[in-house]
Amino acid sequence: MSRATWIHASILGAFCLGFGIVLAVTDQQTNDDIKQRILEDKERSLSQVLPTAIHDNSPVTDTIILKDAKGEDVTVYRATKGGQVTGVAYTIVGTGYAGPIRLMLGVDAEGKILGVRVITHKETPGLGDKIQVDKGDWILRFNGLSFANTPLEKWKVKKDGGQFDQFSGATITPRGVVGAIREGLHFFDAQKSKMLEAG
Amino acid sequence: MATPYKTIIKDGLWENNGVIAMLLGMCPTMAVTTSATNGLGLGIATALVMAASSLLVALFRNTITQEVRIPVFILIIASMTTLVDLCMNAWMHEMYKVLGLFIPLIVSNCLPLARLEAFAAKEPVGRSFVDGLFMGIGFTLALVVIGAIRELIGNGTIFADAALLLGPAFHFMELRLLPADTGVLLAILPPGGFLVTGLVLVAKRMIDLAAGKEIRMAGAHSV
Amino acid sequence: MKLFPIKGGIHPEYRKELTSEKPIVALPIPSVLYLPVQQHMGAAASTVVKVGDQVLKGQMLARGQGVVSAPVHAPTSGTIVEIAERTAPHPSGLPMLTIVLEADGKDRWAELPAPIADPFTQTTQVIRARVGESGIVGLGGATFPSAVKLGLGDKNKLEILLLNGAECEPYLTCDDRVMREYADEVIDGARIMAHALGAPQVVIAIEDNKPQAAEAMRKAASAQPNVTIVGVPVQYPMGAERHLTQAVTGRETPARKLTADVGVVVHNVATARAIHHAVRFGRPLLSRVVTVSGHGIKEPKNIEVPLGTPINDLIGFCGGINGKIKRLVSGGPMMGQPIVDTAVPVVKGTSGVLALTGDEVNERPTQPCIRCGTCVSICPCGLVPVEMAALIRNERLEDAAAIGLQDCVSCGSCSYICPSYVPLVHYFNYAKGRLNALDRERRKSEQTKALVEARNARLERIAQAKRDAAARAKAQSQNSDVNKADA
Amino acid sequence: MLIAVGGLAAMGVTLGALLGVAARYLAVEADPLEAELQAMLPGSQCGQCGFVGCQQFAAALAEGHASPAACIPGGHATAEALAKRLGVSLDASDHVETGPTVAFVNEDLCIGCLRCFNECGTDAIVGAAKQVHTVIADVCHACGKCVKACPTEAIEMRPVLPTLATWHWDKPGAHSTH
Amino acid sequence: MRIAVDKSGPFTHAPTSVSRTMTLVLAALLPATLYDIWLFGWPAALMFLVTVLSCVGLEALCLYLSKRPVGPTLADGSAVLTGWLLAMSMPPWAPWWVCFVAAVFAICLAKHAFGGLGQNVFNPAMVGRIAVLVSFPLQMTTFVRPAPLGSAGSPGLIDSIGIIFGHSPMLDSLSAASALGYIKTELSRGIPVSQSILTAPDLTSLALGTHAGSFGETSAFLILLGGLFLIAKRVISWHIPVAVMGTLFLLGTVFSAINPDRFTPGTFQLLSGATILGAFFIATDYVTSPVSKSGQLVYGFGIGFLTWVIRTFAGYPEGMAFAVLLMNALTPIIDHHIRPRAFGRTRKGEPLPLNRGNK
C-alpha cells in the first residue's frame, strides 16, 4: 500500500481512537448518574399508584414475577411497611380503539385500588386520551374501588349496564380500560397469597 | 476568503436558515415540532452539537484529507451527539425524558454535515464556531416557531411543559391561549407538520419579497 | 355493407341547411383574377408567362416544379398585367408570388389536350400525366397533387378506392351539391381513378345527413357493379382520411404510414369530377365549387368559382355581409383557416367562405382547465389534449411530441368541446410550427459545425502548405549556400 | 470498553485505508461532460456567450457557471439540448428571444477589403479583393464577427423575416392581436 | 377588408361551459339535499348554509388576495359545489365552527394554495372533511337520529341556532352511531358482524335514510338518482362510479361469504357510509381524477379497494374520504402511465404493425 493510503488510514483511525476514548470516558462518568435517574423515574411513576405513605421499602427493587391467567409473566412491584406487604402494582393491558392500552394498577392488601395510570396508548387524541390523568380526572374515579364494594356485574361501562361513565364520543376506550382493571383485580384475587407473602 | 461575522450570523438566522431557506433537516423538524418546547429542546441540543463539531472540524481542517473527510465529519457529529445525549441523560434528566427519543436524530440531520462541508472545512476556527452556533440557533428558532404554531393551533397552548425542559423558573412561559379541547388536532398530527412548515416557508418568502429580495429556489434535500 | 365504429368525435351543429338546397350557380367571370403560384402542397410552380402576355382559357401560366407540385392555368382568357408578391390566402398574411390576370371577357379557350377516348384501356402513366398537367389537386382541402396520389398503386397492392363524400365539416355543402348535380361525372372520374390505381373496388362514403346525394350517386352507379355507395354515421371528423378508412374497412392505418399501406386510397368526390373533366375533355382545373355561407352572409350560395376570384367578389355575389360578423373563414369552421384579407383569391383548396356571427362562433375567454377529460374521450386520434397543451404551455414541446403531438390531425374537436374554452388546437399548431422551426435550427447548427470544421481544415492545409513551402525554400537556400561554399 | 474503543479505531484504520485505495483506483480523469457539451456547440468561437471560445463556454457550463441559453448562434435548439444534457430546465427568461438574424452587406459602403471574408467561420461571405461582398443567408449563422471586422460599417445584422414556409402560429396568449 | 387574426381554428364552439357543468351537478344534488334538510330539521339547514356560504366567502377572499377577478371566477360555481359537497359529508348538526374550519381547509388550503380551480391535487371537499374529522373527532362522529321537520323531535329555528352557533351541548339521547360505526364498535367488543348486522339499520332504512349518518349518507336513494341523472346528461361517465361500487360490492360479498362474522356484506357496504355520494359525486371530481377512461377504471378500483380496507381494518369506520385523497395523490401517476391508445399505434406508442386487421 502506498504512503497516501497509510495517511488516510491513520487519520481516520486516529479520529476514531480519539473520539472513542472521549466517549468511553464520558460514558464512565455518566453511567452511575444515568442509572440513578432511571431508578428515580420508575419510583416516581410507581409512587402514583403506590403512595409513599404506605411503604418504607423501594417497590422498584422489590419485585416478584407471577403468571397471569393467560400464563404470561407479570412483574409485580411490592410496597412493604415493616416487612408487611401493604400494596402491589403491576401492568395491565386493555384493548382500546386503536390498539392495546397499557396501564399500571396499584392495589392494596385488601384488594382496593390505590390508583390506576396509563403508561402507553394509541387512542384518538382529544377523544380517547381522556383516560390520561393530565387530560381529565376520569381515571381517578377507580381509586378506592374493589370487588368488595362494587359488585362484579357493575364493572362495566354504563352502556353495557355497568356503573362507569363512558365519555362523550368514546365508548370503546373506557370499555377497554374498565375491562382491563376488572381483569387486573381478578389477577390480584388469584395470586393474592403469593403477592402478600412477606418478601 | 474569511466571511464577515455579521454575514455568518445573518445567514444562520435568516438568509440561509437551515430549515426555512435550505430545507435541510426536515426529519427532526417534522418529528419534534408538536410543541414549542420540544422544538426549543432539540434546537438547543442541535446547536450545541453543531457548534462543537464546527469548532473541531475547523481545528483539524488542514489535517483531514479529502478522501476521509466525510467519515471524519460524521464521526465527529456522531460523537458530539452521543456526548450531548449522555450528559443530558445524566444531568438534565427531565429535559432528556422529553427529547431523549429525538437526540440521536441529530446524527441523521443533514444540517450539521452540510455546514461542516460548506463552511467549517474551509474557514478558520472562530468563524466556524460562530457559523455552527448560529446555524444551530437559526434551526432552533425555526423549530420553535413551527412548534409554537402547531401547538397553538392544535392544543391552544404555547410552551407547555417549558418548566420540565428549562426548570421551574420558566413556568411563566407556559401559556394557554385557547380553552382546552378546542384545538385543531390536525396541526399536531404529522400532516400538520407539513402544512405549518409550508406556511412558514411561504411567510419567509413573502417577507423577503416585501423586502425586495430575489427569491432563490432551494434544492429540496431533506433527511 | 358492414361499417366499423371510429373512436371519439363530436356532433357539432352542422347548419348545412343554409346552403344544402341551393343549386350550384356559376359566378360570372370577374374582371381581374389573382393566381398564386402555389395552390397545392409541395413546391411552388414556376411562371411560364410574363407581364403583358395574352393568354387563353386553360393555358398554363406556371409549371409544376419537381415531383410533388402542380401547374396553374388561366381560368379565362385575358392579359397578364402583373406578376408580383401579393397577400397569400394564408393566415399569416404573408405575400406570395401571384400572377394577376385581367379578363378580356371573351372567355376564349386555348387548344386543349385531346380527350382520352377510352381511359380504361390506357396505362396508369397516361392518366397520371393528364391529371398532373391539368393541375388537379385534392379538392377536399388538403390540396395534395392528385397525380402523385394516383401513383400509389405502383408500390402497393390496392383494393379499394375510397371516395370521400362524407363532408363532415359544418356549413359546407359543396361536395353534397356536386354529388347531387354531377353524380355521373363523379362516378366516371372515380372509375378512371380506380383504373389508374389498379384498385378493383370503388366505395363512395357519404354521411347519412345527405340522403339525396347518396340517392343520386346510387342511381348513377347502378350500372357499375364494382362501385358501392355507403352511408356513414354523422360524426365529425368522419371525413378524415384515416378515420373514414377505418369506418368503412375496419383497417387502422399505422402511424406514419399511408392508407395505401392498408390497401386503400382516399380521394375527394370533387377531385373525381375534376379528373373526369381532365381525362374526358382535356380541361385543366380552372374552377371549383365553393360554399359561401354563415349567418353573416346575406344570401348563402354554392358557387362554381373560377380560381383566382377575390373573396370580395364572392361575398358581393352573395349579397354582401349581413350585420356584424365575428370571424371570416376559408374552409369549414372546424379545420378552416381565418381569412386575413378579403382581397385574397379563391384557390384550389378553398371549399368554403364562411362569415360567422358571434353567436355562431361562440367564443369566450379562456377559463382554467378543470381536467374534465372530455377532450380525451372525444379525441378521434386517442391523444390526451389536456396534457399536451399543459406541456406546451410550459414550453416542453419535445415532451408533448413524445405523447403524440405529431399524431394530432388538428381536427379541432377538443377545442370545440372544451368547457373552459382553452384553445387546444391553437396550442398544437403553435407547437408543431415551433418544433419545425427548432428542427430547422438544429439542421442549420449541424451545417454550421460542418462548415466551421471544413474551413478550419482548409486553413490548416493552407498553413501547412505554407510551412512546407517555407521549409523547402529554406532547405533550398541552405543547399545553395552549401553549393556556394563549395564553389 | 477497551474492546469498543479499539474496535472503533481499527475500523477507522481499515475504512481509511479502503478509501485511500478507492481514491487511487476509482479516480475520474477529466470531466467528460465538458467535452460532450463542447461537441454540442457550433464551434465558431464567436464569443457572444461572453466567454473566449466554445471550449471555455463548455467548461463554464459543466461547472454550472453559464446559462445554456447564452449561445446565440446555437439558437433555441442548442440551448434546449444543452439544458437537457445538464439536467436543468431552460427558464424562458434565460433566453432573450431576439429572433434569428442574418448578416447583410450594404453594397454602397462595402470596399471589398476581405476582412469579413477572413473572419467568417462558415464561409458564408463571398467576394474577392476590391469586389463587393455578399452574404449567403442560408449559411450565415449570425455570429456577428463580420460586423465587428468591417472597417466601413457596411455590414449589419438583420432579422430573418418569416416566410410562408417558416411561419407558424404564435403561442396562445402571447399577443392579443397578430 | 383586412381582418386581424389572433386565433387558429376551430371557429365554432359547443354551447358548454364550466358553470353549466357545475349547475348540472348542483341540480343533481338538490333533491337529496332538500330531503336531508327535511329529515334533520332546521339545524341541518343552518349547517348546510354555513358550510356553503363559508366556502363561497373564502373563495372570494382568496381570489381577492391573489388579485384575480372575483366576480367572474365565483360565477363558475365551483366554490358552491365544493361547499355543497362538503356539507353533504358533514354530520347534520355539526357546529358552525367545525363547518368553517372545514371550509378553510377545503378552499384556502386544498384549492387556492395549489393555484385555484383546476390546479388542486386533492379533492377540496374531502380535504376539508378529513381535516375536521381528524381534528374534531367528537363533533364529527356525533350523529343524530332523523327527526323530520315538524315532528316532535325536530328543534325549532331558535333552538337550532343554539345548536349550530351556540354551545348548547347536543343531547346524548339524540345521538347515535352511523351504521358502519355501530358495526365497528360492536365488533371491537367481540360481537360478530353476523349478529350486529341484525340490529344495524337494514338495507331499506339505509337507502331511505331513516337512520343516523352524515348528510350525504342518509339519502342514498336520491343521491343515486342524481348520479344517474349526471351520467344521462354526460356530465360524468359510468367508469368511476361503477369501478368504485363494483370493487366495494365484490370485496364485501366475497369476504362476507368467507367469514360473515368479521366482514360486512357487499350490499351493506354499498348503502352505508355515503358510498353512493362518494362514487358518483366525490370520486368523479374532474380536477382530481384521471382524464382517460381506462385510468378512471383503475382509479375507481383503487378507491373501492382502499375504502374497503380502511372500513374493515383501520381506525375509522368510514373510509371513502381517505381513499379518495389517497387515490388523488396517484392521479398524476395514473394519467402518466395509462393513456388511451393513440390512433394507429399500439398501447406502448409504437406504430401498429402493418398487416393488423388487414385482410
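In order of appearance the chains are A, B, C, D and E, and numbering begins at 1 in each one.
One rule holds for everything that comes next: a residue touches a chain if its C-beta (ideal position, glycine included) is under 8 Å from a C-beta of that chain, and two chains touch if they have at least 3 such contacts.
As the structure is a computational prediction, the values presented were derived from the model and not from experiment.
Looking at the partners of chain D and chain E together, the chains they share are A, B, C.
With chains reduced to the mean position of their C-alpha atoms, the one farthest from chain E is D. When every chain is represented by the mean of its C-alpha atoms, the one lying closest to the mean of all protein C-alpha atoms is E. Here the two chains linked by the largest count of contacting C-beta pairs are C-E. For chain B, the chain whose average C-alpha position is most distant is C. In whole angstrom, the spacing between the mean C-alpha positions of chain A and chain E is 44.
With centres defined as mean CA coordinates, chain B is found 33 Å away from chain A. Rounded to whole angstrom units, the spacing between the C-alpha centres of chain B and chain E is 40.
Listed for chain C are residues 91, 93, 423, 426, 429, each touching two or more other chains.
Under the contact definition stated at the top, the residues of chain E that touch 2 or more other chains are 5, 7-8, 135-137. Shown for chain A are the residues in touch with two or more other chains, namely 7-8, 11-12, 15-16, 19, 23, 27, 126. Residues 7-8, 11-12, 15-16, 19, 22-23, 26-27, 29-30, 33-34, 37, 40-41, 125-126 of chain A touch chain B in their complex.
Chain E contributes residues 135-138, 141-142, 172, 185, 188-189, 315 to its touches with chain A in the complex.
Across the complex, chain C meets chain E through its residues 7, 10, 12-13, 91, 93, 170, 242-243, 250-257, 261-263, 312, 327-329, 333-343, 354, 356, 360-364, 367-373, 375-377, 379-384, 386-387, 403-404, 407, 410, 412, 415-421, 423, 425-426, 429.
On the side of chain D, the complex with chain A involves touching residues 1, 4-6, 8-17, 19-21, 23-24.
Considering their complex, residues 95, 97-98, 124, 126-127, 160, 168-169, 171-172, 175 of chain A touch chain E.
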